[in-house]
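Two complexes, one shared chain (chain A), two partners (chain B, chain C).
Now for the complex of A and B:
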């Protein structure tokens, strides 16, 4: 069995505008493994949410996927969403065949009909500020069963049973099924949305900033619900947040994104201990620690680059304290410098000689801690 | 924190109730008998922390003169702000400046940004000539890390949330008030810009002697500022005192839960590996409006019979920290002296 569940290659998402082409996501490479919580972090405007929208194929004009592949390798071919094991899918020429599923699907290429099959059943999505996406005049239970009735072969009664089940996983009492959204607090609504995403037992759940703007207590309950989902049903979770402390609590592997590109990927434990990319170093150094020594922090120098005209070479070079001449001209590739640790920086990888140098003195000396 | 006339802001037993649509139902108690004061003379930073629904914003509106409290009073330099003469009221509005939560809602979309800065100059006669007004505006914008050429002449929709909040601070810098009341100023700003905003607040305190009341639910950003702190829960203040002491040694069970729930930026110290006893406490219990009970009884792990029938009063824990909890009351809990405030796990 392939270890990779989702393999994004050279994804580029551009947006047309009168001023030119906005290259919001510009060459992203990512691999998400099965049964892990994969974190995606970066400052706002770096393209985190656009990557997620591209995976769900939700990019709308003027945006478009300019290039790239998003290969998704689902685990089993059988309709695993129905308890009795019978397959009751509508069949047609466009539906996904067993072969396709086994060899992986390129989410960029498949048509709308096939997408309908993939969405919710294989990949579900918890969008940003999603507590506001509940229908205010429908009971939570009805909204949950709706999804199931459209995307699976559940009967109405089975759907209701499943709805109660997933509510329990996210830590909500069954009475929520009969509640209207206005009767729930923000955190409960957010958990209800996560429950809806879980109803069809998808293989990948993508959560985009699910806890932003919520209280710490509520945030904790939601993060614990996500952890519970991963442990109980073996679901892979892709978790997007700008809050590194949240990533530290939750995720297994973490990718740092800057200016439409991935600059560093590693397990969360290693990345927090020794980030290599100068941007990551600055990012980790700027996390406020509760109860720690209070020091005045300065923000990363300079403004975030303009998405219309990215800097040449390495996109971080105008703000980088270690910038060399090479950084202004050559774009550093994302290279695996240690097993499992990828970084895109000239300090660690010489593009000409292909030599990896992990003990770069300049960085050691200038390291911010 | 005794009340005396030399306190320049004095909040006395403020309670605010909101009626429900059916008058037969008990009113919602948003703020419940809150008292505190800011000393005159030295600029102070007070942070009010609480979860949503704890009455932070209502208390802010009480202090700003926007929502009159049901009972109690807000005194500014000894005068009740709801019973001021119009001259005093203008002074109050000049000397106490707000920063609101949503930078997208505070601007009139039809006016250019310049107007936000021009109006106070005109109203409070801060400049003699047009040129002076312009140079003052530019100085204020530079003080908050904005390039005047980037923002002047633009409309609110052309600016980001962080830029808008900083323009509010530029306006405050221009007016030089005595007190800033900032209600969740950071909730809509990007993480990388938060420190910029907080540094400006610190500068205004240190270099210009401006006090600040900062209302937030985010303990991490609150901690960055330091100073005094009050923890609110269900409309009441349940712990108050020096921020460093409260954060490292929270005494009230609610504060302990709150601080325990802050995600730690260290993957080696996850919740699952920390104490398990706080589990299930994150569930929010139903709103309680019982005046004669502790507000935290529904979730408190140390709940005692008295907690349901009596309202806890403030008990000093350390010289710089007070807590409204019966655990520390010797008359109720004979082992009070043995109950040591729990140390935060990640601080060890």
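Now for the complex of A and C:
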């Protein structure tokens, strides 16, 4: 069995505008493994959410996927059977064969009907704007079951039972089924949305900042709900947040994104302990530490670059304390410098000699921790 | 919602309803008294013509008719007499248009024609406007949708009477498919026969079409803009992410949300139909309230004008009252308020 569930290659998402093309996501490479919680971090505007929307194929004009592949390798589920073993009635939208699913599908290329089939049954989504993501005039229960009835062989009653079940997992009482969105608090709505994502036991749940704008108590409840779900069903979770503390708590592997590109990927422990990329180093240095001497927090100099005209070479070079001439001209590739640890920086990888150098003097001396 | 809260809401709403009727009618009444000109003169002239005598009216006669028309005494006296007549005897006073037939009789006679013609036209254009507007908004990128929108913008700006004239010219004069005037064939007496009903439909088609063609574009444009704004909502993106079929999204997520404000608008425009469609009714010589209003304004028939104004005030306010009482059942968000 392939270890990789989702393999993003050279994904580029651009937005048309009168001023030119906004290259919001510009060559992202990512691999998400089965049964892990994969984190994606980065500052506002670096393209995190756009990557997510591209995976869900929700990019709306003037945005478009300019290039790239998003290969998805779902475990082949017996497609026509219900959890009870009942055979599902064939519906018109079954355009993906079991064979296709087993060989992996490119989410960028599949047609609208195949996409509809993949959505929710294989990949579900927890949107960033969960406050406004529920239809204001439909009961929560109806909004949970409508997608279940389309994508599974559940009967109406079974669907409702299942809906109550997932609500319980996220810590909501069954009466929520009969509530309207305006009757729920923000945290309850967020949990309802997570419950909706779980209804059909999808293989990949993509959560886009599900805890942003919630107070820490609710945040905790939601993180616990996600962990519960992961333990219960072994679902793979892709978790996007700019909050490194949340990542530390929740995720297994973490990718750091900067200016439309991935700059570093590793397990969350390793990354917190020994970040290699100068951007990551400064990002982690900005987390305040409890206790000890009070110091002024380090910040990253300068402004995030303009998405219309990214800096040439390494996009971080105008803000990087270690910038060399090479950095201004050549874009560093994302290279695996040690097992499981990828980084895109000229300090560790010489593009000409292909030599890996993990003990770069300059960085060791300049390290801020 | 708590029972007593409901009761309090209904009582408060009803109180506002009656106060508004009273207030707006009072203002209308005072305005009519400020119009220059004497309705009596017109009456006396027509009476003289009718009975073909030329002597000037005696003071006694003038006093008699002044009394009968409710024009004697000071304005407050006239006002209270009028109100009590209307409230306790449903007596609007004699009309001038068809003296001495009481105004209320003329109004009651005209009302079914207007309600039939306009009520049906409004409901038909509402239904079509919502369906077409919804689809046009849903498929707003398609050329057909753009063409329809352009067409609707043009049509919604053409006055109804111009459309009516064009229709009259085309279908009544040139092609002679449909009758030119009146509400039913002149050779038939009103009765519940198939022939008579078919006659009504035939006569009503052109005036209804004139109204529908114009107002359907209005409904269509407003529904389209509602739909387009709903398409930008987060819950729509989410519904797409849920992999729902397009038809499901259109009916349950788009149209249902667009319907609520349109329901409000429908109730309000149904309230306004009692005003009649002045020009269209006059053009087709349709015996509705619009025609009646035009004739009574021409000879300053105060009793009839006041009656029609009172009716339309009551209709508009009743429509919005019913709407206020019904909306909580349609829109869950209003239920917990109050």
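Rule of thumb we're sticking to: the second predicted complex is superposed on the first by the 352 of 369 C-alpha atoms of A that agree within 3 Å, B and C clash if a C-alpha of one lies under 4 Å from a C-alpha of the other, contacts with A are read in each partner's own complex, and residues count from 1 in each chain.
What we mean here is this: contacts are C-beta pairs under 8 Å (C-beta built on N, C-alpha and C of every residue); 3 or more make two chains touch, one makes a residue touch a chain.
As the structure is a computational prediction, the values presented were derived from the model and not from experiment.
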{"item": "Combined model on chain A: chain C and chain B, fit or clash", "value": "fit"}
{"item": "Chain A residues touched - chain C or chain B, whichever exceeds", "value": "B"}
{"item": "First, second, both or neither for A:118, with chain B first and chain C second", "value": "second"}
{"item": "Which of chain B and chain C A:146 touches, first, second, both or neither", "value": "second"}
{"item": "Contacts of A:58 with chain B and chain C, given as first, second, both or neither", "value": "second"}
{"item": "Contacts of A:216 with chain B and chain C, given as first, second, both or neither", "value": "first"}
{"item": "Partner chain in contact with A:133 - chain B first, chain C second, else both or neither", "value": "second"}
{"item": "Superposition-derived angle with apex at the Cα centre of chain A and sides reaching chain B and chain C, degrees in steps of 10", "value": "70"}
{"item": "Partner chain in contact with A:182 - chain B first, chain C second, else both or neither", "value": "second"}
{"item": "Minimum C-alpha separation between chain B and chain C after superposing on chain A, in Å", "value": "6"}
{"item": "On chain A, the residue positions that both chain B and chain C contact, one per complex", "value": "none"}
{"item": "Residues of chain B touching chain A in the complex", "value": "51-53, 187, 190-193, 195-196, 199, 202, 217-221, 223-224, 226, 244, 247-248, 257-259, 261-268, 270-272, 282-284, 344, 346-347"}
{"item": "Chain A partner contacts - residues on chain C that touch it in the complex", "value": "233-235, 237-245, 248, 252-253, 256-257, 260, 331-333, 336"}
{"item": "Chain C-touching residues of chain A, taken from the complex the two chains share", "value": "56, 58, 60, 93, 115-121, 124-125, 127, 129, 131-138, 146-147, 150-151, 180, 182-183, 196"}
{"item": "Chain A to chain B touching residues, read off their complex", "value": "43-45, 171, 185-188, 213-221, 223-224, 227, 242-246, 248-249, 268-269, 272, 284, 286-291, 294, 296-300, 304"}
